[in-house]
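Letters A, B, C, D, E and F mark the chains as written, and numbering starts fresh at 1 in each.
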Amino acid sequence: MALHKDPSIATRALVPDVEDFPEDIRQKIDEVTEKSGFTPNVFRAVASRPDEWRAFMSMHDSLMDRDTPGLTKADRELIVVATSAENSCMYCVVAHGAIARIRTKNPLISDQLAIDWRKADLDDRQKVIIEVAVKLAMTPAEVTDGDQQRLRDAGLTDEDVMDVGSIVAFFAMSNRLAHWGGMQPNPEFFLMGRTPRQK
Amino acid sequence: MALHKDPSIATRALVPDVEDFPEDIRQKIDEVTEKSGFTPNVFRAVASRPDEWRAFMSMHDSLMDRDTPGLTKADRELIVVATSAENSCMYCVVAHGAIARIRTKNPLISDQLAIDWRKADLDDRQKVIIEVAVKLAMTPAEVTDGDQQRLRDAGLTDEDVMDVGSIVAFFAMSNRLAHWGGMQPNPEFFLMGRTPRQK
Amino acid sequence: MALHKDPSIATRALVPDVEDFPEDIRQKIDEVTEKSGFTPNVFRAVASRPDEWRAFMSMHDSLMDRDTPGLTKADRELIVVATSAENSCMYCVVAHGAIARIRTKNPLISDQLAIDWRKADLDDRQKVIIEVAVKLAMTPAEVTDGDQQRLRDAGLTDEDVMDVGSIVAFFAMSNRLAHWGGMQPNPEFFLMGRTPRQK
Amino acid sequence: MALHKDPSIATRALVPDVEDFPEDIRQKIDEVTEKSGFTPNVFRAVASRPDEWRAFMSMHDSLMDRDTPGLTKADRELIVVATSAENSCMYCVVAHGAIARIRTKNPLISDQLAIDWRKADLDDRQKVIIEVAVKLAMTPAEVTDGDQQRLRDAGLTDEDVMDVGSIVAFFAMSNRLAHWGGMQPNPEFFLMGRTPRQK
Amino acid sequence: MALHKDPSIATRALVPDVEDFPEDIRQKIDEVTEKSGFTPNVFRAVASRPDEWRAFMSMHDSLMDRDTPGLTKADRELIVVATSAENSCMYCVVAHGAIARIRTKNPLISDQLAIDWRKADLDDRQKVIIEVAVKLAMTPAEVTDGDQQRLRDAGLTDEDVMDVGSIVAFFAMSNRLAHWGGMQPNPEFFLMGRTPRQK
Amino acid sequence: MALHKDPSIATRALVPDVEDFPEDIRQKIDEVTEKSGFTPNVFRAVASRPDEWRAFMSMHDSLMDRDTPGLTKADRELIVVATSAENSCMYCVVAHGAIARIRTKNPLISDQLAIDWRKADLDDRQKVIIEVAVKLAMTPAEVTDGDQQRLRDAGLTDEDVMDVGSIVAFFAMSNRLAHWGGMQPNPEFFLMGRTPRQK
């Protein structure tokens, strides 16, 4: 598979052409493009090998497309925005900030989280989730049993607790892939979900 | 799939029984167990869902089982040990420290890297790799084009450079999964590769 | 002058009613309100005493309303966004982010700066300005003669160099006032300057 | 107004001649000089423009010349010394250290605060004030409602609490202006208030 | 006394020949060599002057060769390993890690402490000791009366408490001497105490 | 030897009575007291056991009472003041600040160093010494061969270079002993060397 540079996608990464991808991957990208109206750059930027691409997307979807009472799809996006902002990850904050605005139906929440999660407009359960998630992202050795108990006390199940950790961990990886590759957020993401009609 | 606690594997994670895994996973675990003489705890600790397990292992193997002149299998393990030590990740340092000793045939290198990578017994190419890898692991936003150029100047190809980033990123995830779950290194790892006959 | 709490303006500060302000202040607030279409919360949130209010606004306008070839009005707003983001100051990032979008005519620049100024879409002169400004904001004792020389080499005059320092310093104050008071950005700011027709 | 360099005042700033200042400013400087026996360098070093000078001094005096039971003039100087020391600001620590010695009639307190405020000879109310002030100065996003409640519990009124924040914020600005300009403390300050007869 | 470089002992220090040492020092080194089977490099690396050598060893032995119910010889080695690991001190972690394995009869404890003391296999008393010791080593100004009280509550006497501080302090010195000199741990240390027969 | 608390000497340490010390120690303390006019608190605060006391003082005198062209007695005190200030050590900054003023005949230098060593009135050789010394004190693992070469280039001999490291290391210990014990600087130190007649 030929790789080349495309600074509109990523300033440093080698990116493949979509048409060079195997059929199953091309098909998935086509679906996303149709649904979103554009192809999010991550689909070409982070994974230059088909097996790594499949693993990355499989893990992402398994963690982010679940919806439980203790950890909704919207909550999962909030975790991504807050921890990615701590890592100064432009792609993840902008792209998942757009999704978070849409899923929460709150046009202000992503900017709030990205700038100062401590003062963002969150309910008590969400505050605990974000606080513990940021701790795992930034000072992972300091996480304690007590941190996980706080999540259970806030209404998360044992599986939800595991998912909090897995989401933080997955985006610790994604943030570094994005920084390493100089991944660019598509301009479309910046405006998505900011006004009622765009939700 | 039933999940339960097993503190000999992980103090906080929910772990599945191997026998509950699907056939393909059980088979892979059997192979590793036969080859190593024991089942490394990561195979039960980090992934409670078959799809996540498959993705995690696929990504790991794609990155760690490659061997190029610019980035050997041994070099890849050195990256894991040094960056995981910066994250105080006991499982990753101990388990991959064992593999690094074996692959480098150097019984001292892993302890050196884990304690003070700046003074470890590395050649010039390895020093650059480790220095840049640690930078990406710990202060990812500060990575520059110049850091990647240093790797190319040291003899790495463009694909090797991408792999450095991907390995660091993958273990940024693994380190956090291990901390979150309280994953325990198997006692066998501590002694592997420390004496000539064990190489 | 009676002070009271108004959480739509600031969660912790005591804020005055505009009608209680002396005539000169009320007049200035009326002008801003007419021009902006709303009253930015800072006008009521940071200054509970008329003399402090006048001094704060006088200093702000003296620094921000100047326009020189080496340091345009737009450049000045970029400094505010980048350094305020380092301080996680929601009011300053959102409000001045809006102004920066309008003055630069670039709807993406403020989010880029707030998330990762190192990768924002800046020209070389602006990059030096932002890098030095962030250094003064976050590690002021480490600023050197060389940092100021870099600004002059990039085309700033001696007065421009002084202004860079004064703007950073003024917003080091503003950021802390905003955090202390829990100042809320008006919702209008979040969307300003994001689409062509809104410029 | 002509500006020039004068390293006895500031190694990097452009400083004006006093005689070039407008009449109202010259008069104020004359008053201070007569009272102190020398002209503190800040009067020429931080403000090269008359309007900025007036705003700076007005804000300073409004905050520092107040005296309330919960926050005396002496207490206000202690805040300046402790937070300026955290910022390694030589001018502010030396000049306000002198004033703090005089206002507290304690010749040791300023050195104690500047070196290790945690072990300085403070009463319980002062300890809370300094601890919260240092937090706002150094990690402003982490300030909570609870921090302000601690101040009220220690006897500060709502206005005193606002003043703690405003003083910290004002000197966050001053510290950066002093570092940027390389402002020099007048030699006279080092010895003021150190012996009984000099109080 | 002639000094020269010997990179097998220390990459940067000037080291003396043992035979050039005064008789009392040579005798002590001979004893250690006979007991250990090799001469630990510290005996030649850290002290180029006989008086400093005698003082260093006297202080070390006074602190480390005591054995009290509240602070056993093994406990003292654990303090050394944990705090030296925080300082990335290769010589101290490797050499005292070996002694700690032998004294605790636990072949895993030193690697655990060096990588992540928070998750090491310690009892409650030891956990408090290590936590407070690391605090003194890394953020000494933040130590409080409460930290020392925690030690007494865990069963340490007043003299034990003093010894915790003295051991941490002594190795704060040793770690810096080892870094400054580039002191090399003898290869023998890496394997000592790792298997039952080597205890 | 009876130990007790004496908060005028140290708020937390157990201190011995001078009369309980062995004859050789009492004699040395008498000499210092006669020379200084008071007994510096360190002589009772840091060492509760005669052997540790002797070792501490022997090491101190060996390092601090030497005087070489490349590293004068005054230079050695400057190292102590600057590194102890980084550790917020009140006793060491105040006591050695007094000695540094006397030895340099510069009444301002100690306050300058303690507040912001980067802007203190040092010559080029001294600047290099202090910069490298602070690096060893605060981030010891990051010291390089190049740092030591900078010292030699500034005119220090190999033995001087070793002494820089040993002084920093010794005061890394002393600072922590002082913090642990809550050691109080004698009031006399604060004023010593501040006026010409006191030199």
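Following the convention adopted for this analysis, a residue touches a chain if its C-beta (ideal position, glycine included) is under 8 Å from a C-beta of that chain, and two chains touch if they have at least 3 such contacts.
Quick caveat: nothing in here was measured; it's all calculated off a predicted structure.
Counting steps between touching chains, the shortest path from subunit B to subunit C takes 1.
Where touching is counted per the definition, the chains common to subunit C and subunit F are B, D. At the subunit C-subunit D interface, residue numbers used by both copies make up over half of all numbers present, so the two copies contact each other through mostly the same positions.
Set against the Cα centre of subunit F, the chain with the most distant centre is A. In this structure, the chain pairs E-F and D-E differ in their number of contacting C-beta pairs, and the larger number is found at E-F.
In the Cα superposition of subunit A onto subunit C, the rotation angle, rounded to steps of 5, is 180 degrees. Centres computed as Cα averages put subunit A at a distance of 45 Å from subunit D. Note: centroid distance subunit D to subunit F, computed from Cα atoms, is 29 Å. Subunit A and subunit B have CA centres that are 23 Å apart.
Contact with two or more other chains is made by residues 11, 88-89, 116, 118-119, 141 of subunit A. Working note: touching chain pairs come out as A-B, A-C, A-D, A-E, B-C, B-E, B-F, C-D, C-F, D-E, D-F, E-F.
Within the complex formed with subunit E, the residues of subunit F that make contact are 3, 11-14, 48-49, 51-52, 54-56, 58-59, 62-63, 87-89, 136-137, 140-141, 143, 145, 148, 158-159, 162, 165-166, 168-170, 172-177, 179-181. Residues 11, 85, 88-90, 93-94, 107-108, 111-112, 114-116, 118-119, 182, 187, 190-191, 194-195 of subunit E touch subunit B in their complex. Against subunit E, the residues of subunit D that register as touching in their complex are 116, 118-119.
Subunit F meets subunit B in the complex at residues 141-142.
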